[in-house]
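See the structures that follow.
In what comes next, chain A is part of two complexes: it sits with chain B in the first one and with chain C in the second one.
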Partner chain A sequence: MNRLYTIVRAYPTLLRIGLAEAIAYRAEFIVWMLTTTLPLIMLVVFAAAAREAPIGRFGQADFAAYYLATLIVRQMTGAWVVWELTMEIRQGTLPLKLLRPLHPLIAYSAENLAAIPMRAAIAVPIAVVMLIFTGRAHFTHDPLQLFTFLVALCGAWLLQFAFMSIIGTLGMYIESALAVFDLWMGLFAVLSGYLVPLELFPHWVQKVANVLPFRYMLGFPVELLTGGLTRGGALRQLGLQWAWAGAALLGARALWRAGTRRYEAYGG
Partner chain B sequence: MLRYARLLGVEMRVSLALAAQYRADFVLEGVMSLFWLGWNIVPLMVVFGVRPTIAGWSFNEALIVMGWFTILRSLLEAAINPSLLAVVEHIRKGTLDFVLLKPADAQFLVSTVRFELWPLLGVAGGAVLIGDAFVRLGQAPQALHVAVAAALLLLAALVLYSVWILVISAAFWVVRLDNLAYLFNAIFDAARWPSSVFRGFLRVVFTFVIPLAMMTTYPAEALLGRLRLQAALGAGLGALVFASLARLTWRRAIAHYTSASS
Partner chain C sequence: MIEVDRLIKQYKVHRREAGLGATLRSLVRRRYETVTAVDDLSFAIGPGERVGFLGPNGAGKTTTLKILSGLLWPTAGAVRVGGHIPQRREVEFLKSITLVMGQKQQLLWDLPPVETFALNRAIYDLPKASFEQTVAELVDLLGLAGLVNRPTRQLSLGERMKCELVAALLHRPRVLFLDEPTIGLDVSMQVTIREFIRTYNERFGATVLLTSHYMDDVVALCPRVIVIDKGRLTYEGDLRELVHRVRPHKQVVIKLARPVAREQLAAIGQVAAHADGQATLQIPQQTLNAAVSRALSELPVVDLSVEDPPIEDVMRELFAHPTQRPPS
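== the complex of A and B ==
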């Protein structure tokens, strides 16, 4: 109980520090955000492919809506804890964090969350452009689905953060945690609907993607926003998403515990 | 000249020794590069799975562009990325002084500190993609066209290297720029698609500002025998201008450098 109280008291301060840092390194921050060019490239490619006739249910405007929504969700669910963790483990600065009376993963989560307002500053104009150019017809009007979208966005961030923490914590066991993360990102790009809408894949791929966590980190909220799901389906998948998020968070915690037991700081 | 060739040999041996030192990593990286080779074709297959041609390119022709892209990106990851990331670190920590003190050209030293071995698999992989595409097209490229494509590959590598030198030069003024490298990688990713996919503003940018068209689409067109002579000459001229611009900027940047400690 006492530990929970510490977290609740420290968290707002941590958020404020995180935001101040994001603003202090704003040039770097913006460059990082600009690296999310992939949805735009894929948008151009598919717009060229759909020039004469729609692909499946996707016309040019549907592709525009889909990839702009992808861009927004990707911006709003961004985290970078895996790089920070592996760097701190490698350079031996992690013990500084271990000494504090707060779980380091909680401190990281505050840092990562604090950047969301800056990210929103980019994502909101994109959303407005999206509405103006592609029209409201391509987005869901259902208030329940819009609300589900917001919850799903939180779930997607949690998933992203939890899996990044797990892979980052692997750095206590192996040297090549970042190589594992590369592999993870490769799977993510295809199986989350980031590169190509999952609907355009063969059925068995979609079935596999529905079970794996990747889709719930990106494709699911995007489909909610662009109105590709029924109400019942949306709620069921929301449950699956949060189940994955809970499992991933527990996994991160367990792995961290076991990891800190065997971790000996380099050069410490 | 001979001295520099020997120096290059030494640097490569050191890199190989460094890479082989971490054996598990070494093997894992090898497996990963094979995985990426296959995985990268997935979007291409999906897009062409729904349309026989896109912006005037068939699947097999686009596969040739993909092959060139794979080759170029492998070169980038093997020879250019590792070294120049090391330089940014040098500038930040102030240890670049030690490099500048050595009795050899600083740009040469800085560009050859580190090589990665495994990405070179991608060069072979890209060649296989191109070969496979031609087998399925049922034709063989003419010798002249192959020569032009090879020349364009060299020019493309030169341009890539120049862009990187420009990025590094910027690091002298703005210090923390390793993420600019990621930005460039992200933009370079557009080169995997034939340049005619892009229209309007983007096409102008990718042809003249960041000459992605010349890096992958032109060589592919050359192999197919579709490249116009003036486009090839333009690419050559552009590459040389780019390279000399990079060299000049590097010289100015070095002159500007004041070390981190002073």
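== the complex of A and C ==
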């Protein structure tokens, strides 16, 4: 309880300093965010493909709404803890964080979250463009679904962060944690709906995607925003998303605890 | 304050020969070997002591410091620091220690040091008033006024090290593990850091365990040293006593009015150096008085001084000839 109280007291300062760091690295940060252009490429490809006739239920405007929503969700749920963690493990700077009376994953979470205002500066104009060009018809008007979307966005961020932490922590066990992350990103690109809306996959792929965590990191909030889910379905899936997030966070904690026992900092 | 009892730390390391064949073989079959970094090490350090932790590269100093600070788990043996078992990393323990590594830094690179201080204040949950007082005190002691608001990347190495010390000491730790805190610094900066460490130790009664390859650090700061080699304790005790045991000779430096034959000097003592106007003799302690009298009467002495051998030479000799190690 005492620890939780310390975290709650420390967190605003961690966020403030995280934001100051994001601002200090603003040019690099913006360039990095702008590299998330895959949804725009996919938008161009599918908009061209759907010029004559819709693909499934997706016409050109549906694709535009879907991929712009994808871009927003991706921006707002981005994290980089896997790179930071693997780098600190390899360079032997992690010990300095381990010596502090605050779990390093809590500190990383604040750094990653603190960049959200910078990310919003990119995502909000996209949202405005989206509304102007695709019209409101392609987005949900249901206040409950909109609220669910906001909660799902938080869940998606937590899932991203927890799985990145798990893979980053693998760096304490193996040298190729980033290769594992590449593999993970390959699965994510397909099974989250990042490349192609999951609705366009065969039914069995959709079934598989529904039970894996990838969809809840991206496709689920995108479908909520674009009105692709019923109220009941949305709430059920929200429960599943948060269950995944809880499990992933517990997994990250357990893996971390075991990892620090065997972590033998490089050098020295 | 620090108790180490029969500590052993072993690492499993991947072993591979050079060359393409070895690379391909390592894909199928990886060979590991066990390296013993710390081998049955025992020592104790009392509250407020300043102890030098010496040994050649790879002797196991940093590994021991990492075990003492809770970063590594011992393979065997027991360690206690301030009554805590470091590996449990309890909050109270973490708040009572600090580890400063001269080659690694915690300062946020693109932000001024004051931001790192603020971050540590939040992490260590320090009350604002005492935090501000500590910062003011440490900044004053280290002469950092005006520098802590500049981005870290714009500070010199020495300035960064000073700020690093402030960041590491804000929570007023009772135990300081200092791993090469003066590495790469110029002589005057080394002196400043040394004086600061001594002042901190005296003012707060903190226990200091220091590793350094600069013997001046050790001589200036540590009345007592612990020497390890290949993970084993080779000496524990007074630094001057160690010097005396390894080099039971004094150095007699003589300035001469005119050149003297080497044989004439050798008759008085072992000649360590000999040039036209100067000679250095090594004389056993027991015969020092007689040798000095003889030199003054037989040689054209302009000036004569008796010195302890340089501590660097003592250490070099100690590490280079392990068979000559003094008994602990």
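Rule of thumb we're sticking to: the second predicted complex is superposed on the first by the 267 of 268 C-alpha atoms of A that agree within 3 Å, B and C clash if a C-alpha of one lies under 4 Å from a C-alpha of the other, contacts with A are read in each partner's own complex, and residues count from 1 in each chain.
Assume a residue touches a chain if its C-beta (ideal position, glycine included) is under 8 Å from a C-beta of that chain, and two chains touch if they have at least 3 such contacts.
What you see is a predicted model, and the numbers here were worked out from it, not measured in a lab.
Participant: Could you tell me if A:V190 is touching chain B, chain C, both of them or neither one (first, second, both, neither)?
Facilitator: first
Participant: After lining up the shared chain so the two structures overlap, which partner does A:L98 touch, if you call chain B first and chain C second: first, second, both or neither?
Facilitator: second
Participant: Looking at A:A121, would you say it contacts chain B, chain C, both, or neither? Reply first, second, both or neither.
Facilitator: In the superposition, A:A121 contacts neither chain B nor chain C.
Participant: After lining up the shared chain so the two structures overlap, which partner does A:R261 touch, if you call chain B first and chain C second: first, second, both or neither?
Facilitator: After superposition on chain A, A:R261 lies in contact with chain C alone.
Participant: Return first, second, both or neither, reflecting whether A:L38 touches chain B, chain C, both chains, or no partner chain.
Facilitator: A:L38: touches chain B, not chain C.
Participant: Is A:A10 contacted by the first partner chain B, the second partner chain C, both or neither?
Facilitator: second
Participant: Classify the contacts of A:A137 with the two partner chains as first (chain B alone), second (chain C alone), both, or neither.
Facilitator: So A:A137 meets neither chain B nor chain C here.
Participant: Give one of first, second, both or neither to describe whether A:A20 is in contact with chain B, with chain C, with both, or with none.
Facilitator: A:A20 contacts chain C only, not chain B.
Participant: Can you give me the overlap between the chain B contact set and the chain C contact set on chain A?
Facilitator: Comparing the two interfaces on chain A, one with chain B and one with chain C, no residues are shared.
Participant: For the complex, give me every residue of chain C touching chain A.
Facilitator: 11, 62-63, 66, 69-73, 89, 91, 94-95, 97-99, 101, 103-106, 108, 110-111, 115, 118-125, 151, 179
Participant: Okay, in this complex, where on chain B does chain A touch?
Facilitator: 22, 24-25, 28-29, 32, 35-36, 39, 42-43, 46-47, 49-51, 54-55, 174, 176, 179-180, 182-183, 185-187, 189-190, 193, 197-199, 202
Participant: For chain A, which residues count as touching chain C in their complex?
Facilitator: Touching chain C from chain A are residues 2-3, 6, 9-10, 12-14, 17, 20-21, 24-25, 92-93, 95-96, 98-102, 107, 261-262, 264-265, 268.
Participant: So in the complex, which bits of chain A are touching chain B?
Facilitator: Answer in residue numbers: 27-28, 31-32, 34-38, 41-42, 44-46, 48-49, 55-56, 174-176, 179, 182-183, 186, 190, 195-196, 200-201.
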